[in-house]
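Labels A, B, C, D and E are assigned to the chains in the order they are written; within every chain, residues are numbered from 1.
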Amino acid sequence: MKNFFDNFYARINNGKNPYYVTFGLLILGAVLVYISPRSLLAFMILMLCPMAIYFLNMETKIKVLIGILLAVVIIPVLGIRNIFYLEVIFQISVFAALALGLNIVVGMAGLLDLGYVAFYAVGAYLWAIFGSKQLSLLYSVPGAAAASAEFSLDPRWFWLFLFLGLALAALTGILLGLPVLRLRGDYLAIVTLGFGEVIRVLALNLDKPINLTNGPQGITPIQRPPLPPSYIMDVFRNILEPIVGHEVTDAQFYNVFFYFIALIVIMVAIVVARRLEDSRIGRAWTAIREDETAAIAMGIPLVQMKLYAFAAGASFAGIMGVIYGANRTFVSPESFSFLQSIGVLTMVILGGLGSIPGVIIGAAVVVFLNIQVLQTFSLFLSSLRQSDAVIPIINFAWRDLSNQLDPAKYQKLVFGLILVIMMIYRPAGLIPAERRQRELTHEEDE
Amino acid sequence: MAKKILEVNDIHSYYGHIHALKGISLYVEEGEIVSLIGSNGAGKSTTLRTISGLMHPRSGSINLGGTDITHMEPHIIVSNGVGHVPEGRGIFPKLSVRENLDMGAYTINDTPKNSERIEQVFTLFPRLKERVDQYGGTLSGGEQQMLAIGRSLMLNPRILMLDEPSMGLAPVLVELIFDIIKKLNKDGTTILLVEQNAQMALSIAHRGYVLQTGNIVLTDTADKLKKNEMVQKSYLGIE
Amino acid sequence: MKTFTSNPFYKFIIFPVGQMLAFILGAGTLLSVIIILLAYIFRGSVTNLDLVERTITILPKVLIDGITIGFVYATIALGYTMVYGVLEFINFSHSEIFMVGGVVGVELLRYFDAQGSLATMNEYVVIGMAIVLGMVIAGGLAVTVERIAYKPLRGAPRLVPLISAIGMSFILQDAVRLILGLTTGEFNVILPQFGTFDEFQILTIPGIANAVQIQNKTILLIAVTVMMLVGLNFLVNGTKIGKAIRAVAQDRPTASLMGINVNLIISLTFLIGGALGGAAGVLFALKVTRLDPFVGFFPGLKAFTAAVLGGIGNLTGALLGGLVLGLLESFGASYLGIFTEGAFGAEYKDILAFAILIIILIFRPSGLLGQTVGQKA
Amino acid sequence: MFKRLNVVIALLIVASLALAACAPAAPKTIKIATQSPLSGGQSLLGVDIKRGAELALEQLGGPLTEMGFTVELAPYDDQATPDVGVANAKNIVADSAILCGVGHLNSGVMIPSSEEYHTAGLAFVSPANTNPVVTTRGYAEVNRIVGRDDVQAPVAEAYARNELGASSVYIIHDKTAYGQGVAEFFRAAADENGLEVQAFEGTEETANFDAIITPLLASNPDVVFFSGIYNQAGVFFKQARDAGYEGTFMGTDGMDASDLAALAGDALTKGGGMVYTSVAGPAAAYPKAAKFASDFEAKFGSAPQPFSAQAYDSMGVCLSAIKNAAEAAGGEVPTREAVRDAIRALSYDGMTGSIAFDSIGDLPTAKYFIIKVNATSAETWGSNEIVAELDFASPGMGE
Amino acid sequence: MALLKTTNVVKRFGGLTAVNKINLVFEKGQIASIIGPNGAGKTTFFNTLTGIYTPEEGEIEFDGRSLIGLRPDQVATRGIARTFQNIRLFGSMTVIENILVGMHIRLKQTGMDILFRRKFFFEEEAEAEERAKELMSFVGLRNVGNELARNLPYGGQRRIEIARALAANPSLILLDEPTAGMNPNETADAIKLFRSIRDDKGITVLLIEHDMRVIMNISERISVMDYGEKIAEGTPAEIRSDQRVIEAYLGREAAAATQA
């Protein structure tokens, strides 16, 4: 099996083949998605293209060029034809940023954090409270919002709140870390778990004595940053409408808009994570993960470095929280449950603990499975059950398939199976972490 | 010719991808002390671990007094009479000295016989008797080594394998431990000894094997090995 | 004296039960005194009722509630702690094992109910059967899960089995849902009503408290959990198997060199932990009267917290942690609303529990009794 | 090995092609989506929303089929989380064959998801979301066939005061948008009318209610108002009764399930008994509802959960509106906008009463029932009686 | 001049006194050793010096300043580096990264330098890499910079540990049984290395050792510990002939053997 893949990889990675493969995927994928915008297969083929860019040997210039072409032109255009794809990629970006942040904490510094979405919640609620009418409703009963209330801030404050969300989440990370970072691994895990729950319970309950979070009702509407001025939008509209074949509304533009915001943030997140990893701080984190006693004996201040890790990890979640709140125009405590934390942790470990490309793939796979593959599969089965199709050999009519066996009901089961099987057969993750290899030619000259 | 108690035939063992044993063959005869010497990483401990089943060889066979034990699980091999005192002694730190000794006789459900054996161990190591209710972890290094050996003797093993019994011990204790090993052998215990301290090892062994990077490079009687130039240079520190 | 203390009856029954009692009395008294003091201090700020009087009126019930749920937590926590002690691994799917135990037990009762024989049988025998069945199935399931999802991962980095356990947890939830719902699609598991479990016993402690009412099922729950805890204590500290478990916990390769079948012992650990969880599940069902495939999560989380609070890996610690958590939760939930006149209420009990956990861990970074299973419990 | 692998890969490709192929549907295919939690803890209700709609499609889809359309159900699982709900919403919106939708269970999922429906002009009919915000945003696409929290609660409050003669109440809710919403309105009404609110507690606990019951017993209120879903409430009622509470329990339409009686047993009839408000009467009130219940049980093997009947009616509304729009479009597949407008123009005789929508998608007048529970087991659920039947106008957009 | 001076240092664990009133003085530029049976408290003493344990009593002065109450990382910053009895490398980091971790306290790059990849960052990294390479060849390793530390053979790991300790530019290096598990050839190389640490780098060396050949060969001063106490101190010749040392530690045979 492994051999097969190795051979396969070697064959397509040979000579000019990578270029053919990548361009082929790009064009084939784009055309297929364009022709049948709801086909899962078509979208998967297109999504193989970024994988090809990452895995195959090509000139960096070409890689960047294809990447930009894909991210800036092809995906937005196809995404407007079917905004669901933009949603998929948006969610992948959001969760990839979360996974990158958690990877700093768990993968690099080795601190098991089971309450990571708390920081995400902090960012989301920050913008939710300031970017909605909530501030003028502080003394009203949750759920009885007066429609006449005013927004407290101009939506353009969003851009500033991106950074405030980042800072507040980092600060929260430090405040949590200060008392607990002296704890041993599993104790830290349970405390962070508790902290995650505390934040969720606070979001759920801070509708009294003053109504800060609007409790379980959640906060809505939350403002979005304004789109570029209409004369610019009209230019895009004129270009896009003939291509996508229908009218393009502002709402659809918002999908593209948030796609770009998420894309930029994820790019920055990747760069930041890479730079941190490959520096004095990143090395200190890894050293702490490997052996705390040895690390401290080398002069690494444990608590300070762990706080850095917490703060850095949290800040990724904080900024994505702000974006998420604005994108959804709604936040409620349900989005920040313990299972979400587990979900992000799963992405990190599934992708490859400590591996930056790995956790991004991990996030992509989990999101893709969760909101697209499994849903599509169950829709497919559901439509089979409504049709007259019959399994040929055993002569079994799909119509007779028990209602209780509807796969849509068992997404968690499938997901669980995938987790277990992955862990047994590929415990280091999809793309295991690798250490940076340095050019050490000088040494050989000696 | 004495009976071969243990026969190891061309075993290959791996740690993941690392080829640790590259075809080790050796035998131990009844009543012998056989010593494996070699530097760290040569595969001495791996050989013992493979014999006692803690790891399994990819190829080759191990035969214990006529039984093929190559693919047996360690607890079965132990009950077949292989006593293994692991590197670092493997004392259960939070069990008392007596409980540690009880563990040695885990496979034997014969209480009177076990009590008798404990008394024998105490005769051999009076220090242990003084500390019978202390936790294993509170013993000094030498006492722990005694406990580890004593614990393996609870089984009345057909062959006792000792992994680096002198490691980390004061010279005065090394002498003591080696005296005990000699005495055990005199009382009839067959011993396979892995030792860094080639000097000491060869001074009590009948025969020896020299290991280098997973291969046996030399084997002979202990006396001849002591006089071998390569052994002298590499392992005895005689220039 | 020495002969008496080494008497197994003392060592394995009187001593641990006494320890438990002493702890409950101590913690209960301490918390009661604190809450009454607080009531005196804040009596002026609460206007709608006499705070002190109200505090004292509900105090006995609050204590009993706390101890009851504390024992449930403790029993589940033992499963976490046993496995952690031996494998240093958080068995995330234990909350589902607990759920399965409960569901199986209740299903047995429902079966008897459907047969019509439930009303005519001795209620304690029936519940005993349900507990035993729950233990057997849950224990067996725990072992199976270990064989399938954890054993192949031994030696892998520690987060790997954790994720596998999370996966198992999802699988078990949905599998149970599938099985329960195969004919109807419903998955509420409702305890049939039978016997006299809901009736009250009146306890009067002359001079100390008014009549305190305790439900039969509360007494049953406490009695059974105490019995199981004593049994476990004996098993781990008084038997050869127990010694082997401790040996495996301390040094796995060496344990195998002693002739201990390490895999067997690990399976046994899962079996014991799972069986305890299963029994706790049945008792929990008896108390709460309804289960579903997702019911394990919160008690599991709390029990896990309790295990850490007590010092994960330590059996006595799990017990203490469970009781502390149960009592704190009960006090927090019952009194917060009264003290703050409704500004904060029972919904903050989890925050309170976790806050206390954090505080305790800051001062005792490895829990109340941070040791391993190897430590004599 | 290699050969087998190739076969596997080939199979995978064929399977995915099949998936891909099924996506673009035949031109005359109309799909109606449902969104509700089909997995996880809330799936009990969510699955039955889907099933209610499925049954309706089967029974009421005839007229459309006769017009030559193929009508399909597209069930989506929102997992009761906004993230998944919104993602599905975008997926639904992108499927041009989907002309109408039924869902959601949770207002917390409905509110963000309906932003998507709104932008796409896709009409949704909600069988369960009683939170006022769902409609007070004034979207033309969002409709609901249930009453609103801000009406239901005052009805219950008035009943507690006037008919039960209560002077004190203990309010407990389930910390969901639904439960808390109703509870808040109940409290507001109680405060206004001088009914003493002894406590206002939210709890996510589903099993062990000791910590709430103990102070409750000490306060001994005349009425306990539980705002939530029956599988939490039933356990609570039973535990509270067992612990010695003698007053009256009240509940909301989330209690409308026979399993409430299975859970709580005689706790519902002992002491002060139990009453609940509902937007749909029990089977006895509507001959159609009785038929629905028996059809449902025949098809799925279990009694319908709360909101299942409403899902049936929601689907009915969708089908009927699509039919009207299609007729207006001359037998062609209508546009979403046409369906949307047709829903608002519709006057539909549903199982739970006659249904028409006002300008924001609420029922102009909704029926509210107060039902007294006489059942002590699931089988006798039909013996409950309606003690009051009230018509209330929708409060509209609010102030 | 005294580089390190301990006065009446006491460290207890529960009822056990692991280090009892130890008074020691180490001169700058010395190679000194501590010997004693297992459990005598040598490693505990090291841990007390480096701040892993805080002594209950006594004073530790390094370079004229007290070390009491400092965390291990602060002690390291003062200029004390160490190795461990059981090798404690960062196994899944490469060899060169291990050495770079050792340089942690000497690197000046700030978060801003790292995030914005300022010129200073590259300069410092290049310089650090250069020094790491030098250190690798100093301890006698070549072409292993990109290997994972755990994949190195035992002897190599010992050397890397020393290189990592040297990377911090310490003025004192504590070596805990650095030749354990080495054969006589390797031991001889190690002795040369220790000498050169002192001679070429001017770093004071303090060893814990069991191998009498190493101790007697290299030490300028030997302190003997037993049961937490210092029982003897002196030059190798003095120690060899000290009756208490022979009884508690060396044994007659070994004493005789090292005489040669």
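Just so it is clear, a residue touches a chain if its C-beta (ideal position, glycine included) is under 8 Å from a C-beta of that chain, and two chains touch if they have at least 3 such contacts.
The structure presented is a predicted model; accordingly, all values stated were derived computationally and were not measured.
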* Treat each pair of touching chains as one step and give the shortest count from chain B to chain D. => 2
* Report the chain whose mean Cα position is at the greatest distance from that of chain B. => D
* To do: Taking CA centroids for every chain, report which one is farthest away from chain E.
  => D
* Structure fact -> chain A and chain B have mean C-alpha positions lying a whole-number Å distance apart equal to 54
* Measure off the straight-line distance from the CA centroid of chain D to the CA centroid of chain E, and report it in whole Å. => 72
* Let me have the rounded angstrom distance from the C-alpha centre of chain A over to the C-alpha centre of chain E, please. => 46
* Asked: What are the residue numbers in chain A that touch two or more other chains?
  -> 204-205, 403, 409-410, 412
* Asked: So which chains end up touching which?
  -> A-C, A-D, A-E, B-C, B-E, C-D
* In their shared complex, at which residues does chain A touch chain C? -> 106, 112, 179-180, 182-187, 189-191, 193-195, 197-198, 201-202, 204-205, 208-209, 338, 342, 345-346, 349-350, 353, 402-405, 409-410, 412-413, 415-420, 423-424, 427
* To do: State the interface residues of chain B toward chain E in the complex, per the touch definition above.
  => 18, 38-41, 138, 140-142, 167-175, 196, 198, 233-237
* Asked: Quick one: in the complex, what on chain A touches chain E?
  -> 272, 275-276, 279-281, 283-284, 286-287, 290-291, 293-302, 308, 435-438, 440, 442-444, 446
* Please give the residue numbers of chain D that touch chain C in the complex, ascending. => 39-41, 43-44, 47-48, 51, 175, 199-208, 210-212, 214-215, 217-218, 231, 234-235, 238-239, 242-244, 259, 262-263, 265-266, 300-302
* chain C to chain D touching residues, read off their complex -> 54, 57-58, 61-62, 65, 68-69, 174, 177, 183-188, 190, 193, 198, 200, 213, 215, 284, 287-292, 294-295, 298-299, 329-330, 332-335, 337-338, 342, 345-347, 349
